[in-house]
Structure formats: structure tokens, C-alpha cells
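Labels for the chains are A, B and C, by order of writing; each one numbers its residues from 1.
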Amino acid sequence: MTAPATPAPVLDVWNLTTSFRIEGTWYPAVRGISFALAPNETLALVGESGCGKSMTALSILGLVPTANGRVEADGIMFEGRDLARLSDEEMREVRGNGISMIFQEPMTSLNPVLTIGFQVTEALIYHQNLSRAEAEREALALLDLVKIPSAKSRFREYPHQFSGGMRQRVMIAMALACRPKVILADEPTTALDVTIQAQILALLNELKAETGMSMIFITHNLGVVAALADRVAVMYAGDIVEIASVGELFARPTHPYTEALLRSIPRSDRDTAELHTIPGAVPPIHRMPKGCRFAARCPLAQDICRAMDPPLEPLDPESPHAVRCWVRGGHDLAALTEDANV
Amino acid sequence: MTDQTEALPRGVSRHPFVDQLAKAFRTNKLTWVGAVIFVLIVLVAIAAPLLSPHDPLQQNILHRLKGPGPEFWLGTDAYGRDILSRLLYGARVSLIIGVAAIGSAMVIGSAIGVVAGYYGGKVDLVIMQAMDVLLAFPALILGLIVVAMLGPSMENLIIAISLTAIPPFARIARAPTIVVKERDYIEACRALGYGDLRIMTLHVLPNVLSEILVMGSLWLATAIRVEASLSFIGLGVKPPTASWGGMIREGFENILDNIWLSIFPSLAILLVVFSLNLLGDGLRDAIDPRTRSDA
Amino acid sequence: MLRFTARRLLFAVPTLLAVMTMVFVLVRIVPGDPAQTILGDQASAEALQIMRERLGLDRPIWEQYLEFMGGVFTGDWGQSMVTGKPVLDEILRVLPYTVELTIASLVIGSLIGIPLGAWSALHRNQWIDYLTRVGSLLGLSFPAFVSAILLLIAFSIQLRWFPVISGGGRATFSEWALSLALPAINLGLIMAAYITRVTRSSMLGSLGEDYIRTARAKGVPMRVIVWRHAMRNALIPVVTVVGLYLGILIGNSVLTEIVFNRPGLGKLIVGALGQRDYTLLQGLMVIYTFVIVVVNLMTDLTYGLIDPRVKYQ
């Protein structure tokens, strides 16, 4: 941890667990994950829906519904403070200011009865000591920055007068308003057309380079990951099962689940009939099996996989490439099985 | 939860309403309170002749306008009649008129709604337009006019109140009918050559039953309220028959002499209507899909 | 906005015509001869005949219909069969009383119901919420005359804060306010019960929307989220429902006017029914229909003010 070459992370998450109460019992949706985000880095969180990737982002920002949700962590370190231990008011000051979030659904994530201009201005008003007029000028500049055509004349229009892609640009402008250090982007392009998707991704990349911010990009689309991310964390059933730089992951996918995900990317140079799907489904949150939670769908599963939960460990001590797998993780299976039998 | 039961084809197992009833009583204790109070009131009304300490029509000029006391527990009215006995008998009038009016409104209203929804097109348009016009009028005023025109009697009260309650039942029955008739098994019924009437009664109606029954409990509350209001205005059952609204009217005329005369029947009406609303509200929460997923 | 209003008005015309036709038919299918009712059993055949002619009952039904419909739009609503005064004058004399009572109740109901419903939604499933829900259910279980009598007993007879018989005096401001207060509180509390329930459920709905999460992610303070982001959206169904409940309010005002002995449409209609004053009754039903059409129109317009999506549909 003392390697001098790596700069201090902007966001450092230690052992984050998010649980939900279903009929009186708490079930974890995110199971003690840890990761660090370097300055100006894009970390992609990848996985099927329900794997806990969105919940990770909501937990960082303290947006998990408190009635039936609970967030525990050894630390969510940001600018020298532990977000997990901030008061509501302190947390409010971080949201939209130090860390902001872009949501998946541009259709429902903007308030239908408030103008676009107001919704962007608002983020500025509550965090920066700006007068109304200054905040509006700044908001207009932001709308120009995210390339909304004739932003000035559309400032007083409502969300329903904007297309999906334009709304998502508004969401990005809102998130960028206070020049945050970190942006959490939760599937920001999933609901959009392919061409619009490409435009939004290009915009995010451009803005990231300009502002020097870091980004956690949540997606189930590995194609998007290749275009955008520096590092990738693959999540399954609340765990990070593999984490590596984007080049390493695509060159050397190690976890059987990562392999399966990569095989399931549709590619134009292959026949669609060959497209692979992963058999089975993610087990429901209240019926998680013992041992490795992917074992039931894994072609390589051994007895030990069904008996014991594998740890997330680097492939070799020097490598940043870590995998959570008994079979592929470089473990001495024979010795382990013997231990288990004793 | 509920969405699974909804997908059940007809005639396979028990009606989903049974599950919804169970859920309403399990999740909301106030549903119990409402049901127990209402059942007690019904029992009291049935047993009125056994429970009444006096004859509700027996006048006694010596015991006029007495306050609550040992002989007349709740006091007497301007004719010296026992308030408690009149209250017990009055429950019968309220319940008979309410149940008869809402029962017929349920049957007629659902029939109209199912027919409109099932046939659609012009039939639907004309029927629902008529219902909207009827619905536009405040229930009490419509009831007032009808009873005043026909003359106050128990049958006419039933007709008037039932008339005001038909449109909401037609609406409630129509919406799910439109959904149900598009389902595959209705298509299958048609393919088997079943007649429209048979499809509507055996296959469409059971699907809209839960909502109609829940609406029924809430509208029974309204009906009892409207009946009391009409009686209060002087358009209720003919005196000397005891009805709660009529008793309040008499009490109101003597309000400066004896306030209890109007308070006891007021509380009686409130209790019945409140218990029905508690019951109906609990049931509605249980069948309403919107309140389902937010646990 | 103007076009929206015009289109709404146009839609109201068929409803108005349909109800008026219904009124015409209803008044004429009543058993018994109005002339007989007015003049009593001892009237001579001649007198009856003259009365029928005066009432226009001797002419063909379609002529009566056309005259009735034409009269409604030209302001000639006929004469009261009892007092002989023009029906329109009789109605316009008491209309302000009913209108002021309705508006006052609506204001009281909204001032209590909207904050209470929002508060209840914010404390969902806490004791505050249970109390509000049971309380509002109790409130809408009250027949309006029962609550009116209980208020009268408590505040006029026991506490003597208000006159027992208000009579709707309006010579001075305090007289006006005192006579309006109890009736308005009575109807306002019942209205509040309905509004609380709708506001609570629509507030729960809008608090669960994605845009609330967006606002939270922006760091908007909770107070602003509740009142600006959630409430604006929650009010849309509230307005619709308030418009529907105005029918209940108008019905309830009949009972309130009787208990508090206050002039108004309600007292007028009960009197007209008792005396079989068919022309007055006809006029009253037309005015009720007008009121309902106007209320619906106002509901739609308010809807357009709150929800920016409406104008462009």
C-alpha cells in the first residue's frame, strides 16, 4: 500500500456492505467490497442487473432508502473524511458538490414540473455562494458545455420538451455544475439510441479530460467499457469477482463469469447464432447459496466452490489483477480440499 | 404476490378475493376493528326486539325530554319515547335501506359496466356518457329530488340512493372488463362458441368481483350517510317509525332543551359509517396494486 | 392557455344540454298535476285550466322543451310558482351565500389537508401517520349535519362563542365573519379529511419518483425537496380530486345551511321541494349544473397551471 508511484486515491472504499430488510431479515445486496479510485481515472463496474453495482453507487452517496436499507463500511474515504460517518447535513454538502451522480433514466430522473434551467441552477445555489443571476449565467454556460443547441432559448423549457439524449445532457450538466471530483454514472446511456449513446460517451470522455475528474461508470455493456474505462471491476451477486485494468481484463479474463460475459458480447464479425448466453440466473438476494455464489452456473465448479466462499486475491503478489475464484485464482486446490476434509 | 394470483385463469382454484381478504385482515388491524364493530351493529339490529328495554313507539307525556337516567338509559324524546329502544330499531332502517340500495346498485351498476366494457364502441360511449351526466350531480341533491318527487317511503329511499350509486359501480366494473376481455382465455371462450352472456357472467364478472365488493363496503357507508341526511331533511321513512336521521331532526328541534336527543343518534350514525370506512379502506389497500410493492 | 380554455368550454356544452334535458324530463314525469298541487284540492276546473295555461302546461311537449331551453340561455327562467317572482332573481339573491361558504370551506380544507397529508406521508408508518389516517377516515365518516350539530352544541350552546341562529347577517364585517365561521369550519373540516387522504397518497407516490432521488443527489435540502420538488407534482392529482369532491361539498352545504339556518341554494331547494315549486326547482337544477361545469373547468385550468405538460397536449 506504500508504493510511491501510485497517487493517493480520491475515493477509497473499504469493506462496504449494503443490506436490505425483507420481512424482518437483513440480506446483503453488496457484500463487503473494497476498491480505490485514482485521480482522473474511470473505473467501470460491470455486471448483470441485480449484482449490486447501482447499489454500490447509491451507498457511496448515502442515497439508499433508510426505511429498509442499511449501509455499513470500514470507510468510504473522500477528501480526508469518511462519508459513512457524516451527518445528514454534511452528506448533503458532499452530494452534487464533491461527488455527483448521473442516473439511468433521463425520462423520469428530471422533475417534469420544473424548468431545465431551474434544475441546473439549483445545484449551484445550494453549494456555491452565488446570487440567482450568477447561478443562472453559470447554468447557461454548463448547458453550452454539454452542447445543448440554443441553450439560451431553451433555458425556460420543461423536460418533456427535450429528447432523451438532450435530457441526459441536462443531467450531465447538473452533475458537473459544481466541478465535482468524482462522478458516479449509473448506466447513463442504456436508455438511449446507439448513435446518441456514442455522442454521450464521447462527451463524458471529453469532459473528464478537461476537468480532471474521476468517474465510476456503471454498466452491463462491455463494449462501452472498452471505449471508456481505465480499470474494470466485474461484480456478481454483491461481490467484486474480478478487478483489472481494461487491457488486462480483455486480454486475460480469468474469472469464469468474466469469460462468460465477454463471450456474450454481440460482435459483427461473428455469426449471431454463436452468441453465448450464461445459463441460469443470479440467485435471489434472500436465497444465496453457500460457497461461491456463481458455482451453480459455473462450468468449472468443484466441490470446494460449493462449500467455501473464495477470497478476492491478486493473481500474483505484484499484480493489480485480482480474482475471486478457487479454480482460476492460483490456489492449491488439492491442499485446500484436504484442509476442508480434516 | 398479488400479480401472481391475478394471472390465475378462472375456475382453477379459489378466488383471489379470498387471499386479498386474508391479507387485509393480516396487515391492517383497523380492518378488524371496523369488521367487528359493523358485525356487532348488525347483530344488535337483528336482535332489536330482544334488546330494547321499551317499546320504541310508546309515547308517555309524563316522561318527556328526560336526560340519561336509570329508567331510560339514554333519555326520552319530546313524546316521552325511549331513545335507546328507538336507536336499536333505527339501526334496522339504516341497514335495510343501505344494504338494499347498495345491493341493487352493485348488481345494476356492474351489469351496466360489464356490458359497456365488453361491447365497447358506441354502446360503451352512450352508456358511459349517461353515467357521467348522472355522476355530475351531487349524490345528496339527486337523492333529494328523487325522493321528493316520488314521495318519502322506504322503497323510494332505496330507489333514490341506489340511483346515485349506480354510476360509480358501472365505472369500476367497466375498466377491468376492458382488460380482461383482451386476455387469451376469453378469446378461447369465444372460439368455443360460448355466448356473450355466458362469457360475461362466468368469465368476466368474477375478475372484477373484488373491486366491486370493496367499493360496496365503502358505498354502504355513503348510503347510510345519505339516508340519514334525507331523513334529517324530512324525507325519510314516515314517522313514527324510528330512523336515526329522523331522530336527529327531532333532537335538533329541541336542541336548546335537551342536547342528548341529537347526540346519541349522531354517534350511532358515526359509528356505523366509521366502521364501514375502516373495513372498506383496509380491503381497498389489500386489493390496490399500487400499495403492494412498497413494503 | 386561451385555446385550452375555449376547447374545455366547448366540451362542457353537451354535458350542460344533457343535464338540462334530464331536468326537463324529470320535472315532467313527476306524478300529479302541478296546477292541482299549487291550487290545492278545492280548486275549480276553470281555475286549474287557467293555471295550466299560465304554466304553459297546455302546449305540446316539444314547444315547452324549446321554450325552456331557450329561456335558460336568454336569462328568462320563468316565475316561481309560489312567490311569483322571477326564478333567476330568487336564485341570484342566495347564490353569494352558497358561493362564499363553498370557497371558505375549500380554503379551510386545503390549508389543513395539504400540509397534514404531506406531513403524514413524510412520517409514513409512524404513529403520526396512523393518527392522521384514522383521523381523516373519521372526518369523512361524519354526515355534514351531524358535525354541524355537534359544532353548534359545543361552540354556540355550550361556549356561546357564536350566535345559535346566524341567519347569514352581513351588515358589518364581524357579523358576516361570525355567521360564516361555523358553517365554513364544519364543511372545511370534512373537506380537509378528503384532501388529507389524497395528498398523503399522491405525496407518497411523488416522493418515490426518480426525480426526487436526482434532487437528493444534487444536494438539495430536504425541506426544498418536499415542498418544491415533491409537492408540485403531488398537487396534480389533488386538484383533480378536489374538483370531484366539490360535488360532495355542494351536497353537504344543503345540510349545513339547514342546521345553521343560513340562506343559500340548499335551503332554497329544500323549500322548493316542500312546496312543489317546479319552476324554481328547474332553475335550481340548472344553476347546480352550471356550477358543476364551472368547477370542472376551473379544475382543468388549475391543472394546466401546475403541470406544464398539459398545455401542449
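Just so it is clear, contacts are C-beta pairs under 8 Å (C-beta built on N, C-alpha and C of every residue); 3 or more make two chains touch, one makes a residue touch a chain.
Quantities reported herein were computed from a predicted structural model and do not represent experimental measurements.
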Which of B-C and A-C has more C-beta pairs touching across its chains: B-C
Identity of the chain that, by mean CA position, is farthest from chain B: A
Centre distance in Å when chain A and chain C are each reduced to the mean of their C-alpha atoms: 54
Whole-Å gap separating chain B and chain C, where each centre is the average of the chain's CA atoms: 23
Chain B residues counted as touching two or more neighbouring chains: none
Contacts with 2+ other chains: residues of chain A: none
For the chain A and chain C complex, residues of the former touching the latter: 61, 63, 67, 88, 92-97, 100-101, 103, 105, 108-114, 122-123, 126-127, 158, 160-161, 171, 174, 177
Chain C contact footprint on chain B (complex, rising order): 30, 129, 132-133, 136-141, 144-145, 148-150, 221, 225, 228-229, 232-235, 245, 248, 251-252, 255-256, 259, 262-263, 266, 269-270, 273-274, 277-278, 281, 290, 294
Parts of chain C lying in touch with chain B, wherever the complex brings them together: 15, 18-19, 22, 26, 30-31, 134, 137-138, 140-146, 149-150, 152-153, 157, 164, 204-205, 208, 247-248, 250-252, 254-255, 258-259, 269-270, 273-274, 281, 285, 288-289, 292
Complex contact set, residues of chain C against chain A: 124, 209-211, 213-222, 224, 228-229, 232-233, 236, 306-309, 312
